[in-house]
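What follows is a pair of complexes built around subunit A, which joins subunit B in one and subunit C in the other.
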Partner chain A sequence: MDTLNPEELSSPVIDINAEEVKQELLEKYPTKVARKRAKQIVVNAIDLEGVVPEIQSNVRTTPGLIGQRGCTYAGCKGVVLGPTRDIVNITHGPIGCGFYSWLTRRNQTKPKGPEDHNFMMYCFSTDMQEEQIVFGGEKKLKQAIQEAYDLFQPKAIGIFATCPVGLIGDDVHAVAREMKEKLGDCNVFGFSCEGYKGVSQSAGHHIANNGVFTHIVGLDDKVREGKYKINMLGEYNIGGDAFEIERLFEDCGITLISTFSGNSSYDNFANSHTADLNLIMCHRSINYVAEMMETKFGIPWIKVNFIGAEATAKSLRKIAAYFEDPELTEKVEEVIAREMPAVEKVREEVKARCRGKVAMLFVGGSRAHHYQELFREIGMETIAAGYEFAHRDDYEGRRVLPGLKVDADSRNIEELHVEPDPGRFRPRLSPDQIARLEQGDLKLSEYQGMMPEMKSGSLVIDDISQFETEKLIEIFRPDIIGAGIKEKYVIQKSGVPLKQLHSYDYSGPYAGFKGAINFYREIDRMVNSKVWKYLKAPWQEHPELAAKYVWE
Partner chain B sequence: MLLRHTPNEIKERSALTINPAKTCQPIGAMYAALGIHKCLPHSHGSQGCYAYHRSTLTRHYKEPVMAATSAFTEGASVFGGQANLLQSINNIFSVYEPDVIAVHTTCLSETIGDDIPQIIAKARDEGKIPAGKYVIHANTPSYVGTHVTGFANMVKGMVDYFAEANGHKEQWINIIPGYVEPCDMEEIKRLTKELGVPSIMFPDTSEVLNGPQTGKFHMFPAGGVTTADLMRTGAAVGTVALGRLASGPAARALDTKCKVPCEILDLPIGLKATDIFIDTLRQIAGVTVPDAINLERGRLLDVITDMHQYFYGRKVALAGDPDQLISLTQFLVDLDMWPIHIVTGTPGKKFETRIKEITRESPYPVNVRAGGDMFLLHQWIRNERVDLMLGNTYMKYIARDEDIPLVRYGFPILDRIGHSYFPTVGYRGGLRLLEKILDALLDRKDRDAPEESFELVM
Partner chain C sequence: MKRKSEPYVSTTNACKLCKPLGACLAFRGIEGAVPFLHGSQGCATYMRRYIISHFREPMDIASSSLGEKNAVYGGGANLKQGLHNVMTKYGARLIGVATTCLTETIGDDVPMIVRKFRQEKKGRERGPEIVTVSTPSYAGTHMEGFHAAVKAVVEQLARAGAATEAVNLLPGFVSPADIRYLREIFRDFEIPGIILPDFADTLDGQAQVDYEKIPAGGTPLEAIKRMGASRATVELGRTLFSQETAGQVLVERFDVPLHRLGTPIGLRETDAFFQILEQISGRPAPEPHAGERGRLLDAYVDGHKYIFGQKAVVYGEEDLVVGLTAFLAEIGVRPVLCASGGGSGRLAAAIAAVTGGLLPEPPVVREGMDFYEISEELEALEPDLLIGHSKGYHLARKRGIPLIRVGFPIHDRFGGQRILHLGYRGAQSLLDRIVNAILEKKQEDSRVGYGYL
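Right after this comes the complex of A and B.
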């Protein structure tokens, strides 16, 4: 449909000189800040091999600059573990962290029946007081776990450490071990996800991945029925995205063993190592689990993207290609053929009104990339984009991984040493198959990043600041910006609509075919809304006094 | 069922909080600091804190919420956050140019024991604070008190840093509005002006967090108390502080520091509390209450008498902050309603005593808990049903499961608008509250009435 060819990619995107814009963004900063930010603001350029310039990312936030990032706890408890319905997640710390992460990420979930456990609506906290800060909080934590167990008899309890926990030396892992043993039929595990660790929520994703992999994945060896068994990684069911993707899988005859972690349950995780393929949606937040599962159990992974109709079709075809079964290919093509007419109809209608408009996306660790596809499908170009917490591989592609320097902040995040499981490692593909697949279009364990898919001359900005955002609006007046709740009204007060791409502005789904339709319509609504024409009152537009007020 | 795991049987918990009716100090401090003109609140902790606070305040106000952070790393957590805060102060004054940076601490910086005044002094010595600009602070450890305490501490910080006695008393009074909405602050100012009492109100978040759409973003909007006015608070004849928990500490600090006497009143929500507020202002300033205010009062009273039958005898459950709950409970009792389950997450025995005093004539046993949570409130409701609930958006889960009408009140309200535009303080505010309560009760009556007794006139 609308993928760009190499020529288009290397043609400049707009008339404004991006290098000059970059200088303008930097000129007000103190020298040291400007020097640092200069490495995080890059004018995209794609050479003939598809190699893009280096962008500094996953580095410390500059104090005082005002940005988008959250903390490690938010990445661990909020993002990765939050969407699972039947684990009692206890925040160990003062009340705030638990309170703020209570239901605010819009992860939808659908329990199987009225008896099925669903703790998503609950917020559990040890509500640490000064006494625990001084004398230690382990006793209270144990008691809290006991109380949660007595009240709910959950299958599992997760403990999430907040900043003071690490400082006062509470050992959440020791408490977890002790309580797991004591309770007997409840899996208890801890996460050292103190907010100060790492440089952003990204560290929390990694910690969550490690914990889920260590404590849950592989606990249940029961092999489920199904010809094409997959896991969906890095999909968090915001606004029902996972439901739409699940619908497509079901129609294609693909068996979803587990999602990490939208609409998921503890049992799904435990059984996930029996799948034959891992699909990665959000590369940033979940690639660790995929890699560890590949090493330990032999499950290959591929990068997919269900944001955008064309991207969805492509991803389904990738799955079919992997399984090399004509029956699946046929089914996938049938589903695509069935879904596309409705998409095309709305797309053409909306494109007529949106073509030529421009967007900017500053969000997350994958959405700034994925959503460019959706905008492109309705004729809108993304002229500037950046991630909040991604690493270089998410920008430039995994080709940079071998050369990545690990700095002090990242070194503190544990890298698990994983080995093939003696009894359960099972290569899913023969070397011949791998060679054959690679010769085709299917790249295993590969993510090429965002920048190779953006035009040369577009701006790529990591961890954008409030100041830079304001400047960009002033210079470019984009038709829409995609970011988060903190940016929402700042940008809209400037007269530019903002689409929240974390929470979807409480709408969605935007994944899959139905999601694409929803998104086209939503963007159409936003960029063509009448309200923006009324920013000035008549007397502000024409302040001159033309006549006296006379009765006659 | 959304809250399918909440059992009817109540077991006392000593360690596990479930569905809190409070949050932590720093967010209250951030909200208060936004009530100073050209002030940038600053969170001294890891960046997650300010991200969470800004997000929550933004969802509640649907407005820009500006604040900065020291962005602690593991290194800063071990060696102290001084370098981060100094860097932050320098960057903020260079890039964003506020008049004031209001630093509040977090559980992180409090646990490691960062000395904020010392860091501010160092910043000043190193020339990082431009002439005529200020850095103030409040200690707001998240493991003590709640968001209400944080608000109170930052407001007290304003007194500590700015208030100056000039040796004689000037003809104005200070008003500390309490932890209320921007429109409530606006309404308190209006009533004061209507009475003809010159005043300085601090903090003042009106026109900061309920600003207009003009097509132009202002990092520092029109509202907020100015630093010049904050300095003048020390020369006022007196202070009227609304809400004992949220405003009391600042009022007492002003008395201690500048010998400005204070009256600490309940928040002027409902008839009786507003009467006391107006009467106090009248007596302090020696003014006559104008007819315009008598008219407002009369209208509120009129609606109460007109619609009394729908209020009478209805049982109510409430969750929220102590200052609001005390006045609300009084108002409901004055309407002949019966508040029977009252929970706040903010600890304090005085609150329980006060509520018991207000509800002493209740024909039903009254459950009240300071330092309780919404899980407990839900269990109480399961055991003794109510006709109406008042509380923040998280109450909607109980409302749906139990099929009980909910009037949204308090913080945070994440799913409706109005709370930042239409006040609930004063007589007009009381009228709005009545309207909301009536709408909820009568919509329910309309929904549930059998066809043969579906009423046209109510």
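Right after this comes the complex of A and C.
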């Protein structure tokens, strides 16, 4: 159920020639655009070694093609730093950027008590005016930091640069250093995440990772109690996903030191280097922190996925396998056994109505991969998928990393040079242990990507445009598409339901066991809706019934 | 939490949106138009997602997707490529190009780039109209962007011509439901109207059998071109009086007489609107509307006992706040604070003009407000209800008072695009909602739980 076997993977998707579809998608483009898009639209094929074709990704979007991507600021402030409740995030720029990232990602948080800071409801901005564009905005920024400090006494303040800031030459890092010193008991740090940097929000994730790692991780060496200490990376608590995952960890006796960054706090980050294992959910947005923590502190990382009941069970077993403790294994199996009956009951009921239907997923940097599992669990196949802002390793697996070319856009984003911490580097595993784990099923520092888990003959499309989405609907008429709110109403006007997989249509959670149940029900409701058949009014459907005299 | 020390410079929980968003909304109300943002792609994405969350409709905004290199060397090439792609892929009849902070800061000369683009395309194909507007977010709010786009459209497209019977109507940023109602009023007066912008269909469309890339509806391009030949222009919004607006352009260039009125919310502002239409059409208000006026007045009498003396805080876009305040004063609710994130400098005078003679004491009027400041003011004012958009929800929740949702954005209720604010009918609907909100609160708070109120 969970992953497909080689035979299943190589069986053709549905009765359609993906190469022909690809040509159809490209034929309307001007030659130059078509040539570029041809490298980003790939028909999946898995060879005997599990190697998949190359797909071009993380390249600039063509101007004028309406797409899905956001900007560097969105990735940095909105995605990675947004979910942390007790850091005051100040947007340095005109008002729009701050306003649009104000609670729109729907990441939830649960303060520990009434004393715990929670700034999630706030949107702080320097609200730059013409005067600052002309004469510089550093003075106003300093005042804004002072004001935020006076109002809230936060532990930390983050400054996020928007487009004009870099252009007029404001130095957010210098301001941060100055204010940190002045305030004394408040950590102040800046992010050069101007919207025009990089090719998508992905650049912002990287910048955020660098900032969090440089300015927060490792500030607090206190070792917390707990036998199995982990961090959860790349989980943003949309719709309460993190709460469901936290519940499972707690029941299994696993100690969560910090999440990056759903339901997280500043202190969690500061202490996160004391964990013994990093779990990665969204590889794209957070792998930098995992790698840097491994190099500096010796914490290994594994890829997990809590989207899908089977995937959740598998991920919990991976954690148990890592710690090699029968007590934990027993506990994990107990939890899985306890949770699965409720899942299976709903799954069977829903599967009866959803089996054989098809989905398409164009979303995120990991969700297009993870959600395929949930659809598969209720008998639905994903015939086309793609990411909005991922890189080749997220599609083809990390094996392509050594050969990746660094282009000008990626070179703009700083790669931190990290070395083992002289006092605090501590390898968590002996070479023997590593060999033993690798012999088993557990792969350390490994992500195989989305394509090796999709069937041969399915379509993989990077950075899809609105135009291509409409074409695909015309050709395939899928039963459901998973994407975001920007795509939702275009697709639904075409008579195909759209599931919002960024904000979950204000529903959720979809992670873990309870989340899987929510998702099955939700998809059942959507793909089996009868509303679409009423699109035509009766008099349009049966014109012959229109008018008739009684004596006729 | 402390009180903000005054004067302070930062904005906490803004009560305004950014300038290019307003321009995109205005462009969306033109037939066959695709709004286009010249800047980083994030702007288009953020504004689309925000507008969509209110209207629940497709909202395409193209972008020139500038990167770091373009920020240094200029975005001309990207803009041209983007325009070309929108022309060929979307079949746009008009592309409305608005600038962003990025391109304004680097100083891209957009009208010149577009002129060159047109020259390069000349002779090869009959391209769409391209309208450009300057909308740096660091100077003004979404409302300045909205009005700037309407003005740019008129400046760049309207022509002189043989006089027509048409009347131009520039309603400002109102809801699709409001626009549909305005159309109905014009139809009943038998006035051929040109409403600019008209997003009644493009931002509140029907379910479709076949998806159209650019939704049907919007002010017809041909009609916009004829606006210089219309017999009159009616422009709504008191803070626009004496400003260099689209209506003013039509006066200066084509001698089209201009009638400037307040946004017709409530009885008196609507009366003024109907009076102008009577004057222009030479006929009395058509019966259905006269009837609605009569019923509204009747409801004012019936509802008065429930809401008399209740204190309200009104916030949002300036002209909406002015109209709502005029209405509240008539129904006996006391507006105690009229707040806006805008900063036209004309809010206080407009409020004074619509409340004169009706209120025992004038409300506090504040421009450039954010929700943190509004929250501070609430402590002393102790209002009974809030009237404004979704962003005031947390204040209402904190104080345990009702929030009457109006304007934009509304993303915590269903049907924001169908809220009617204008005219007798809009006043009726607002009155019903306010009376019922007060009754509901009274009922909920009561220990007895009266069932007959």
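Methods note: the second predicted complex is superposed on the first by the 544 of 552 C-alpha atoms of A that agree within 3 Å, B and C clash if a C-alpha of one lies under 4 Å from a C-alpha of the other, contacts with A are read in each partner's own complex, and residues count from 1 in each chain.
The rule is simple: a contact is a pair of C-beta atoms (placed from the backbone, for glycine too) under 8 Å apart; a residue touches a chain by one contact, two chains touch by 3 or more.
As the structure is a computational prediction, the values presented were derived from the model and not from experiment.
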**subunit C versus subunit B on the shared subunit A, clash or fit after superposition** = clash
**Asked** In the superposed arrangement, which partner chain does A:251 touch: subunit B (first), subunit C (second), both, or neither?
**Response** neither
**Request:** Could you tell me if A:54 is touching subunit B, subunit C, both of them or neither one (first, second, both, neither)?
**Result:** neither
**Request:** In the overlay, answer first, second, both or neither for which of subunit B and subunit C A:62 touches.
**Result:** both
**Message:** Between subunit B and subunit C, whom does A:114 touch in the aligned arrangement: first, second, both, or neither?
**Reply:** first
**Message:** Taking the stated contact definition, name every residue in subunit A that is touched by subunit B in one complex and by subunit C in the other, in rising order.
**Reply:** 28, 30, 33, 60-74, 90, 93-102, 104, 121-130, 132-133, 140, 143-144, 147-148, 150-152, 162-164, 166-168, 194-201, 408-409, 412, 466-467, 470, 484-486, 488-490, 493-495, 535-536
**Request:** Under the touch definition given earlier, write down the residues of subunit B that touch subunit A in their complex.
**Result:** 1-5, 7, 11, 13-20, 22-24, 26-27, 42, 45-49, 51-56, 58-59, 62-77, 84-85, 87-92, 94-96, 106-108, 111-112, 141-144, 146, 211, 213-219, 345, 375, 394, 397
**Prompt:** Given the complex with subunit A, which residues does subunit C contribute to the contact?
**Reply:** 1-2, 4-5, 8-14, 16-21, 36, 39-50, 52-53, 56-71, 78-79, 81-86, 88-89, 100-102, 105-106, 136-139, 141, 205, 207-213, 341, 394
**Request:** Give every residue of subunit A touching subunit C within the complex, in rising order.
**Result:** 28, 30, 33, 60-74, 90, 93-102, 104, 121-130, 132-133, 140, 143-144, 147-148, 150-152, 162-164, 166-168, 194-201, 408-409, 412, 466-467, 470, 473, 484-486, 488-490, 493-495, 535-536
**Prompt:** In the complex of these two chains, what residues of subunit A are touching subunit B?
**Reply:** 28-30, 33, 60-74, 90, 93-104, 114, 117-119, 121-130, 132-133, 140-144, 146-148, 150-152, 162-164, 166-168, 194-201, 408-409, 412, 466-467, 470, 484-486, 488-495, 532, 535-536
